[in-house]
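Report on one structure; see the data block that follows.
Note that the chains take the letters A, B and C in the order they are written out, and that residue 1 is the start of every chain.
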Amino acid sequence: MWAYVLRRILATFPVLAVVAFVVFSILHIAPGDPAAIIAGDQATPQQIEAIRASLGLDRPFHEQFLIYVGNVLQGDFGTSIFSGVPVTRLFWQRVEPTIALTITTTIVTLLLAIPLGVLAAWKAGSWIDRAVMSFAVLGFSFPVFVVGYMLIFVFSIQLGWLPIQGYRPLADGFWPFLRHLILPSLALGLSFMALIARITRASVLEVLSQDHIRTVRAKGVPTRGLLFDHALPNAAVPILTIVGVGVAILLGGVVVTESVFAIPGLGRLVVDAILHRDYPVIQGVLLIFSAVYVLVNLVVDLLYVVFDPRIRY
Amino acid sequence: MLMRTSRWVGAGALAALLAGLGATPIAVASEPTVIRSVPIGNLRVLDPIWTTAYITRNHGYKVWDVLFAMDANGDIQPQMVDTYTVSDDGLTYTFTLREGLLWHDGEPVRAADCVASIRRWAARDGMGQSLMSFTESLEAVDDKTFTLQLTEPIGFVLDALGKIDSNVPFMMPERLALTPPTEQITEVIGSGPFRFLADEWVPGSRVVYEKFEDYVPRDEPASLAAGGKVVHIDRIESVYLPDAGVAMSAIAAGEIDLHESPPTDLLRLVEGNPNVSVIPNDPQGFQLFMVINHLHPPFDDVRVRQALLWGINQEDFMATIVGDPTRYELCPAVFGCGGTNESDAGSEPLMTVDVERARSLLEEAGALGARVVMLDPADNSTLHPAALMGAQALRRMGFEVQADAMDWSTLTQRRASRAAPGEGGWNIFITNSTATGIANPLSHNFIRNCEQAWYGWPCEPRIVELSTEWALETDQDRRAELTHELQRLHLENVSYIPLGQYKPAIIFRREITDVIPGPAIFYWNLRKEG
Amino acid sequence: MAAPDTLSRTAPPSPGGLLRAILNTWRFARRHPTVVIGGGLLALIGLATLLAPWLSLHDPLEINPLARLRPPSADHWLGTDAVGRDLWSRTIHGGQVSLVIGIVVALLTTAVGLVLGLLSGYVRWLDAILMRFMDGLMSIPAILLAIALMAVAKASIVTVIVAITIVELPRVVRLVRSVVLSIREQPYVEAAIVVGSKTPRILVRHILPNTIAPLTVQATYICAAAILIESLLSFLGAGTPPEVPSWGNIMAQGRIYFQLAPWIILIPGVFLATTVLAINLVGDGLRDMLDPRFARRL
């Protein structure tokens, strides 16, 4: 088992290297010269050339890449072209809202989606099942920002119950903090919820059809106990996998949600950076997002071992 | 600073204690007064000399001070300068700084700082370049005095040093002012009424300023950019909200105190709200204008450019970008309407809408159906609709328009290209300027001709001659004549096309009073109750 | 966005199952109304967008300064936007953009993914490199990767298609590869290898047919995902050029007016969601038809 754990951990490095390479190359071939941006409208070609040299942009691609990777390994992600602020500082300034949004969304999602999925599996074939599954299909089809605007329209503009947009740090108090996160979490969580509900239902159904459950059932254990004591734990592995996959959806959705709800998090940082070609910021944040995704999936894979002792490697 | 903080903490603790003891909660007098405001855009660049971006100019007015400044009557008044003398021949200016001026790091302001700052500004700014072309020497005499020696007695020294619009000649410490003009300063230290708090800056989201306690304001009352910059607030938190709708709800809900540039259409959301005041921002407002590339066909032909004047309807543009007719006016004056240099000479073609005539002029010039490349800054909520309208107007006249959408920063690079429109160049773009910034032939960067020309590169030698003559002329009547002649020539040669003048509003909560309307929002003088 | 099903779709139907599945379609459709509903909705939207030039009341690009931000009315069925353009005309024209992008991306991803997946499943040394590369691509959040790719070239519909194709590609490659890997273990394929059949022949005769069913389903989901991603990209300002009336662009241009004119965002939003929903329904139906094992389970 430890060999597996080690192998799994080591396997993350090539993935991260590929991410770094892909992101770096994309921005390398992108038009729009950072040196020209830094130099401003009135710079002469000589000045631009000098800036290129000082940024190391005149070196060959592989050298630039290695230098970048070397710096990243030392925790230096470069500085923003526009603000001159180190990317790491920008990152720390923006990380709280994003983490808050991701966590509340995950909690809301799991709290709503797993019971829904189990319910649908329990009542498989009934109208409840069909309602849950229709909701799941709908959830997939509504883009985050459309859901976001619909929620704002109903709950903020028409009913006036919740703030329209914005973010309050936890330091301002828990209730203001939470109030500002309710709608974003729901908007962001909808497709995730659809996904989890669907998988939960499928996994529970699958487990219910397995032999040992049938045996337990034959012994006369009531269905409800059966669901939560036997079926759900056994269904945990596929659900867990999907939570891992779902992090990718969440991280992507965060970008859009932050934009709709004007939340000053990492998503908005990177979208602004992309729209204004602030290359070091784009590279840094994409790399960090991907690293988080890879790490979450690593943890999920390792948790398999815990949740499903039958799996042996 | 440290003391002040602990005082707040102390007062807060006291209040909490009283409340805890069941005593009547008392108003805490020393609670800091914070203005939360929405700026005109995202502050990306901190150096107001390096960029002409208005958001950076506005930032500059808080942090840095100026030698001279324009008052509400358009006159130039001393600001950091205490006294100045001009020699009888008009060639030697001697400036003496006020006592007690300090940089935010505690160092005194010296004449040498100002000399270096003027030099750096003059390397970037058009008016500064003009000033330098007549300058023999600029030197510090002692810590408080410096002299400017001219080669000719020009009339615009104070106009240049008191320039209100980008680039504003802000005074910086010498070590910052020695930064090459093409590079950005790395530290934000000024001697203005507010300190920039670098630690609290969240780029793309929040900029925080704090009252500079050691600032010594002038005794005169504040008037536009001039007069005593007396600060009645402790802190400015400038919060960038990219979604204009959010910003409107935030101010309606009292989460924000002041909004520097609410979109005109959205004013409806707060008009009638008793807690929100809506006032015109700048009495002069903005001019929208169409920039034409004179280097390439079809607009290298003056007849084609003149045809544009007949075909363009300012009303279309103003209605599209502003909407509310009380907030704009049609205006043919290249130096803006409402200012001292307003003129309508030669404006008939521009103010008459006759698309048929435009078409027939184009036909005569053989340009009907010509291909036109238009740059469209799609991320700009004012200029993008204007570009759409422009494309439609040109199509109506019979051009074949290719609208190239891009973001504004790309546009600022592309417009510098002199290449043919098909090879990375362009024919047309639309932009805007504060009317204050274009109020005279010297400060109006956008219609300089020939060597000094801005993008579009118009060249009518008579315009250059008359502009220089205007700069040297001190007689006001003769200047007015020159202005009329310049206006006529600009429209005849179609240096560019004015598309109308509009007045954005600012909005703020009722608690805020004594706001000075101007091209930038100044945060001195204003008060916040409660 | 349709990731949930990749996991369960690796099992191939038995050879010949496809034909039977198609024959069963009619019976199935009567039993499962979702496909009929989905297909019907899709047909309706497709028709409206195809006939857009005739159904429009106004030129979708025409600006009218005197009719800005109008609510729905007889002249402007769905109202107008901030520069007075007719939203009904823009919305149905926008459908063309969305559907074209969805379909082209689905076809392109399938074609390229099929080739890469077959190579990866068959050429061992290539497999390692290719799959690490795909893992890397998959670990960048799709939307961010797509926006970053959009920064590479001038915004155009083609750029959008290429960017979304790259983002969606790994999923198809993995799917095809897993089919190849499972099929090549099958006795009949091993037998063919032993007998000395050439690789291309094995690929075409034995492996390709088995990928068709899961790929068709996957292509449907990718079509839906592509439409969603395009709208998100445009909404964030990094998608189709703003002069193109795509749904994402219309919504993006309506953002700041949301409180005054919510219809500018909500109407294209509803069209977009309905389209994606219809495609997803069709995809679910196809999946149930083509993968009987999975269908039984759900």
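We take it that a residue touches a chain if its C-beta (ideal position, glycine included) is under 8 Å from a C-beta of that chain, and two chains touch if they have at least 3 such contacts.
Everything numeric here is computed off the predicted structure, so don't read it as measured data.
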B-C or A-C: which has the larger count of contacting C-beta pairs? A-C
When the mean CA coordinate of each chain is compared with the mean CA coordinate of the whole protein, which chain is closest? A
Please report how many Å separate the Cα centroid of subunit A from that of subunit B, as a whole number. 41
In whole angstrom, the CA-centroid distance of subunit B from subunit C equals 47
Subunit A and subunit C: spacing of chain centres that average the CA atoms, whole Å: 21
List, in ascending order, every residue of subunit A touching at least 2 other chains. 32, 259, 275, 277
In subunit C, what residues contact two or more other chains? 237, 258-259
Which subunit B residues touch at least two other chains? 243, 245, 249, 379, 407
In the complex, go through subunit C and note every residue touching subunit B. 61-63, 65-66, 68-69, 82-84, 155, 237, 241-243, 255-260
Please output the residues of subunit B touching subunit A within their complex, sorted ascending. 42, 44-46, 50-51, 124, 182, 184, 186, 201-206, 241-243, 245-246, 249-250, 253, 255, 379, 407, 409-410, 412-413, 416
Listed in rising order, the residues of subunit A that touch subunit B in the complex are 32, 36-37, 39-43, 47, 80, 82-85, 90, 93-94, 156, 163-166, 259, 262, 264, 268-269, 272, 275-277
Given the complex with subunit A, which residues does subunit C contribute to the contact? 1-4, 7-8, 34, 132-133, 135-145, 147-154, 224, 228, 231-232, 235-238, 251, 258-259, 262, 265-266, 269-270, 272-274, 276-277, 280-281, 284, 297-298
Counting only contacts in the complex, subunit A reaches subunit C at residues 14-19, 21-23, 26-27, 29-32, 137-138, 140-146, 149-150, 152-153, 157, 191, 195, 198-199, 202, 205-206, 238, 241-242, 245, 248-249, 251-253, 255-256, 259, 270-271, 274-275, 277, 282, 286, 289-290, 293-294, 297
